[in-house]
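So the structure is just underneath, and the comments pick up after that.
Letters A, B, C and D mark the chains in the order given here, with residues in each chain numbered from 1 onward.
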Amino acid sequence: MGDMILAWRNVWRNPRRSLLTILAIVFAAVLLVFMLSFQFGSYEDMINATVRQSTGHLQVQSPGYHDRQEMHLVVADAQHLVAEIEPINGVSNVALRSEAFALMSGEKRSRGTTIFGIQPEKEKKVTTLPRQIKQGRYLQKGDHGVALIGSLLAKRLQLTIGDECTMLGQGKDGSIAAALFTIIGIYTTGVDAVDRATVHITFADFNHIFFMEKAAHRVIITAEHLADITPITQALQSNPAFRSLTILTWDKLAPGLRQSMELDLISGIIMYIILVVVVAFSVLNTFFMAFFERTREFGVLLSIGARPARLVRMILTESMLLTFTGIALGTLIGIGLTVYFSHQGISFGDGGELLAQYGFEDRFYPRLSWMSACLGPALLLIITFFTALIPALKVPDLKPVDALRSC
Amino acid sequence: MAIVTVNNVSRIYHQGKTEFKALDDVSLTINKGEFTALAGPSGSGKTTLLNLIGGIDTADKGTILLDGQDLSSLKKGELADLRLQDIGFVFQSFNLIPVLTAAENVEYILRLQKIPSSIRRQKVKAILADVGLADKADQRPSELSGGQQQRIAVARAVVASPAIVLADEPTANLDSVTGQKLLDLMQQMNTDKQVTFVFATHDKMVMDYARRVITLKDGRIADDIRK
Amino acid sequence: MSFPLRMVLHIFLLYTFLSCTIWSTSSRAADTSSQALTILEHAIDHWRGTSSIATFSLTIHRPDFERTMRMKGWTKGRQNGLFFVLEPPKDAGNGTLKKGREMWTYNPKINRVIKLPPSMMSQSWMGSDFSNNDLAKSDSVLDEYTHRIISEEIINGLTHYTIEATAKEEAPVVWGKQELLVREDDILLRQSFYDEDMVLVKEMIGSDIISLDDRLFPRRWEIRRANKADHYTRLEYRDIVFDVDISDTTFSLMSLKQKGR
Amino acid sequence: MYIILAWRNLWRNRRRTLIILTAVIIGISSMIVMAAFSRGTVQGMVSNSINNLVGHIKIEHQQHPADPAIEHRIITPEKLLRQITAMLPPGSRVVQRIRADAMLSTSREHVGLVLVGIDPDLEQGVSFIGRPPAQGTLFGNQNQGGIIVGRSLLKKINGKLGQKVVITCQGADGTNIAKAFRIQGVFATELESTERAFAFVQLHTMQQMLGVGNDITEIAIQLPDNNGNPPVDLAATTAFLQANVSDKQLLARNWRQMLPAISSYLEMFDGFMLIWYLIVFLAMAFGLVNTMLMAVYERMREFGLLQALGMRPGCIIKMVMSELLLLLTFGCSISSVAAFITVHFFFSSGIDLAIFAEGAEFWGISRIIYPLLTSWDIIAANSVVLLLGMFTGLYPALRATKFSPVQTMRHV
C-alpha cells in the first residue's frame, strides 16, 4: 500500500471523469506523436527529394567550385576516390557528376544551358529524373551520343524525341567542346529553372566532349540514413586522399532547405503548443475538481499528522498518474498508428499529383524516431505537470480546521 | 501527570465585522489516563477547544502545553509531526479515506510515522482485533456501517499509542446501541491501555461514560466535575 | 621614311607640342580630341590594314595548365573577320566568322554553323581571355568613345601617345574608359580597360616589334586581367600579309563552313 | 427564462466556468489567429505570384509561353487593347509589356535576365514594379536610358545607382543589339529570385531597341479588387476574352491556369484549415464534456428534485444545453474579439521571417507575413465549435435525465 497505490485509487474514485481526462491526454499524445513523425518524415522526404534531384547528402568538390562553377575546378582522380568512398559504412551510393555551361542549338534556335554528365546506372538509384521522363526514356549505361532534355527547353528549341541537337561549349582546358546529340528523353521536373535550361548526357560522353580526362566536378554521395552523414564526413576528412578537396553536406549544398524545414517545424510546434495548452486547460478543471471535492479529506489527513508537502506530493502523484496513463496509452497508440501508416503511406489525393511534380512521393510516409515519439509526449508531460501544480500548491494554504469544516 | 495544560486561552472568530469569542480566557489541565468530556451546547466553544488542543487551530491568546510542549512555539511542520506522534483524532463523520481499506486506513498513520512494514502489519492486526473488526480488514469504508467506520477511526487514533485521543462528537451519527458499543470500546482502551481520551460532545451518553465532564458555556468553563 | 629622318621629325613635333601646351592650354582639348582619334584610327588601321591574312598562335596560360593553338585569320576593313584553328588537331577546323557585331561559329565535329546569341557574347572566345564581345566590338573604341591625348613621351626617340578614350554617355560599352598607348608610327602598344570607377580591369600589351610584310608590328600580344599574374592569353603572329585582295564572299557562312573542313 | 437560469447556473462554480471558458477562448482564438496567419501566408504567396508580372489574366501569343521569342509577339495591339478594355468589368486595369531574354553586363559581371519594357504609370497596383522603388526612382517619360534592377541583382553585380550597364539582346530581325542604360531605380520584392530574374526599362525604349514598332509580347489584366479575394468570375472572364478577341493567334490565361501549383494548393487550403479546427476542437471537447458532466453530477439532487416535481426529461436536456450554449456563445464571442484584436493590434505590422529568409524563399512565401482575417475563417471556427460543442453536450444532458428522483434524493 504505497502512496502510489493510494494515488491510483484516488484517480479511479470518479472513473468517468478520469477516463475523459485520460482520453483528452491520449488524444493529444496520439496526435503529437503521429504529426511529429509525419512532419519529420516529410522533412526526410524533402531532404531526399532535393538530395535526389540534385545535391546528394554529401559532395566532394574542388575548393571554390561551390561558389563559382568554373570548368577547371575539378576533382582530379574521381574514379579512384569513388573506390575510397564506397567501402565507408553508411554510404549507399557514390555517383560522379560534371556540369558545364554550353550553347544548345536546335534547327533554328540556340540557348545557353547547363549540361550534366551523369552515370545513369548510379544516378538511377538516387534521382527522381527517370520517373519524370514524360517522353522517351532515361539514359542507360553504354548510351552514346544521346541526351535527355528539359521539356521547356525542348519546346523552346523546337526539339522532340529523335531530333538532333548540337552543343557547343568549352572543355576543361579551354579548348572548344562540341558534340551532336540525339534526343532520347524529355523530362518535366516541375521546377522551371531545371526544365528550361538543363540537359543530361552520360558521364562518359561528357568526359570525352569536355576533355575532362578522369576528372569530375562533383562526387555525389548518398547515405543510407541522414544520421550516417556525420560519420561519413569524419571518415572522409581523416582520409589523406581528400585533404585538398572540399566536403559539403546537404545543408550547405541547399541552404534554403534546412531553414525551410525549421520554419515549418516552428510553425508546427506553435500549433502543438496551442493544442497542448487547450488540453491542459481541460485537464486543469479535472484536477481542480478532484481537489475541491476532497478538501475535508485533506483536513482529516492534516489532522492526523500528514505534512502538507506529503499531500502536495500525493495530489501531484495522482495528476501525474492520470497524465502518465494518458501519455503512455496515447504514445503507444500514436506509435502504432505511425508504424501502420509508415508502411501504408498516406495519400494526398489530388494534392499527390502536385507533390509528384516536385519530385516528392505522391504518398507520404510518417517516420517514427526517438525524437518524434518523445518530443510531443514530453511537451505534454511538462505542461500538464505545471497544470497539476496549480491546484496542488493550494494545499499548504489549507488550514485543517477550515478544511474539516468544508463539506 | 498533566498531558494538556491550557492557560488563559482565548479564540476569537471574525465573521465579517462582527467578532465572536469562541473561547474566553479558558484554563484547564488534563492528566494522563483521563476520560474527559467537553460538554455544552452548540457554539459553546467545545470543538474550538478540542481543535486548539489538537494543534489544528491556533489560539489568539494564552498558551497550550501538550506533553510539556508549547504548541504556539511550533512551526506548521513540527505541529504536524506532533499531531502524528502524540495525538489521535476521531471525527464525527467522514473520518476515513474512502479509497483505503479498513486495515490500510489504520496502517496509514503508521506509514506516516515510517514504521517498518512488518511491525505495522502486526500492530494493525492487533488493533483491529481489539476493536472487533479483524474480519473487516479488507473492506472499504463504504462497505462498512457507520459504527464500524467509527471503530476503525478509533483504531486509527490509538494504533500509534498517542498521548491523547481527541474525539469530536464521535457518536453523533450513530444510533444509541452502536454509540454505546463504541463508547465501551473506548472506555476499554482507556482502562486497558491508559489511553487518554477527550471528547467534545453534547451526547448525554458520552457524558455518562466520562469520568470528568467539563461544561463550557459561551466560551467559558461553567462547570468541571470529576466523578 | 628612313629612321633618322623620322627621328628629326619627332623631335620637332615634340617641341611644337610642348610649346602648344604652354601657350594654348585652352584650345588643347578640341585639338587633341580630333588628333587623338586620328592617331587611334591610324593605329587600328595600321594593325589590321585594309585587309590582312595572318597566322598566329594563341597561348592560354592558367595556373595549372597552358595550351597553345595555331590559328589563321582573314580580316577586311573594320567589320569583317574570319578565324580558324589549325592546330592542335583536336581543335583544328573550328572557325569564327565576324561580320559587324554578329558572330557565327563553326565546329567540324558537328559540322554546324551556329550564330552566337547575345547570351554567349560575354563568354570567352576559344577559351582565351578575349570575350566574344572583345572581338565583335574591337573597333568600338573609335565610335563609342571620346578621345584625348593625356601624355606624350619620347622613348628611344619615338613619341608615345597615351590616349584616353572615355566612353560616351549612351555608348553600349561596359568600360568607363580605355587608355591606349600608341607609338608615333601608328603602332598600338598597349590597350587598358577601366571600369566606370576608372579602376583597371584588364590590359592588352603588345611587344616584340618586328617588321612583318614590311610593316612594323608588335609580334606578341598579351592580355591579362588586373591582379591576376598567372592568368593570361598570349597571341603571337607568325606571319602576316596586309592589304591583300580578299573577296567579300570569304566572310560568309558558306566559307566558314568550307574553310573549316 | 432558460437563458437567465442557465447564466446563473454557469456562475455557481465560477472557477470551473472560468477555466473551461479559458480553454474555449484559447482554443477558438488560436484557431482564428493561426488561420489568419496561414491565410496571410498563402494570400501573400498568391499575390506575390500574381504581382510577379502574371496578373489575373494574361494575353499573349499562343506560342509565347513555350517559346518566348520576340517573333511570338502581339502585332499592333492598339485595337486589341481597346477591344479588351471594352470587354472587361469597370475598374479593371490593363497593361501592356514587352519582354525579351537579355544579357546585362558590367565591366566585371555578365548576368542573364529577362528585360521587360513597361509603362510604369500603368503598372501601379498591377505588379510589384508599380510600387515605388526601394532606391532611386521609376523612370518618367522623358527618361529613355534608365533601367530598374532588383536589389539582389544590384548586390550580385556589386553595382550602384547611376551606374552604366550594357544590355545585349536579340532584335526582331535577329541581329544582336547592345544598348547602354543607367541604373535609375532598384526594386525590392518578396522573393530574391524575382529580384535577380527581371530588369525593367521604358516600354517604348525597348520597342525601339528591338525594332518592333508598337508591338508587345503580353497584355496583363488586373480585375477589380474584390475585398482582397480573387475575382469570382475569373474563369468566365478568361473564357469570354479568349472567345472574343479577334486575333485567333492569341491565348488568354488566368493566373490559376498559369500557376497550377499555387492554385491547387489554394484549393486544398480550406480543407487544411477545417482539419486544424477539428483537431483543436477535439482537444477542447474532452474538457467540455468533463466540465458539463461535473456540473450535472454536482446537481444530481437538484435534477432529481426537479423531476420529482414533475419536470420532463426534455426540459432538463434543454436546461443543460442552454448552459452549454451560453458558455460556448460567450466563449466564441470573446475569442473572436480577442483574435481580431490580436491580428489587428499586435500583428498589424506582420511577422518578420528575416532569420528564415532562405527558408521562406524556398516555400515561395514572403519575408514578412501579414495575417489575413477573413469572415470565412471566423465563421468556420465558431461554427465548428458551436455545432460540435452542442453535440458533445448531449451526453451530459442525457445523463442528467437518468437520475431517478428517489435514487438521487438518497444520495448525499
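Heads up, the rule we're going with is that contacts are C-beta pairs under 8 Å (C-beta built on N, C-alpha and C of every residue); 3 or more make two chains touch, one makes a residue touch a chain.
All values derive from a computational prediction rather than experimental measurement.
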Leaving chain A out, what are the touching components among the remaining chains?
B | C, D
Could you find the two chains linked by the most C-beta contact pairs?
A-D
Looking at C-alpha means, what's the farthest chain from chain B?
C
Taking every chain's C-alpha mean, which one sits closest to the mean of all protein C-alpha atoms?
A
For chain B and chain C, what's the span in angstrom between their mean Cα positions?
118
Rounded to a whole Å, what is the gap between the Cα centroids of chain A and chain B?
67
Approximate Å spacing (C-alpha centroids) for the pair chain C, chain D:
58
Report, in whole Å, the distance between the mean C-alpha point of chain B and the mean C-alpha point of chain D.
73
Mind pulling the chain A residues that touch 2 or more other chains?
112
Residues of chain C that touch two or more other chains sit at 115-117, 119
At which residue positions does chain B touch at least two other chains?
none
Let me make sure I understand the interfaces: which chain pairs count as touching?
A-B, A-C, A-D, C-D
Which stretch or stretches of chain C touch chain A in the complex?
60, 62, 64-65, 67, 69, 85, 88, 90-91, 94, 105, 107, 109-110, 112, 114-117, 119-120, 123-124, 126-128
For chain B, which residues are in contact with chain A within the complex?
51, 54, 56-57, 76-77, 80-85, 87-89, 91, 94-95, 97-100, 104, 107-109, 111-112, 156-157
Going by the contact rule at the top, pick out the chain A residues touching chain C in the complex.
72, 101, 103, 105, 110-112, 166-168, 170-171, 173-176, 178-180, 211
The chain D residues in contact with chain A across the complex are 15-16, 19-20, 22-23, 26-27, 30, 34, 66-69, 112, 260-261, 264-265, 267-268, 276, 279-280, 282-284, 286-291, 293-294, 353, 356-363
Show which residues of chain D lie in contact with chain C when the two form their complex.
101-103, 105-108, 110, 112, 145, 163-170, 174-180
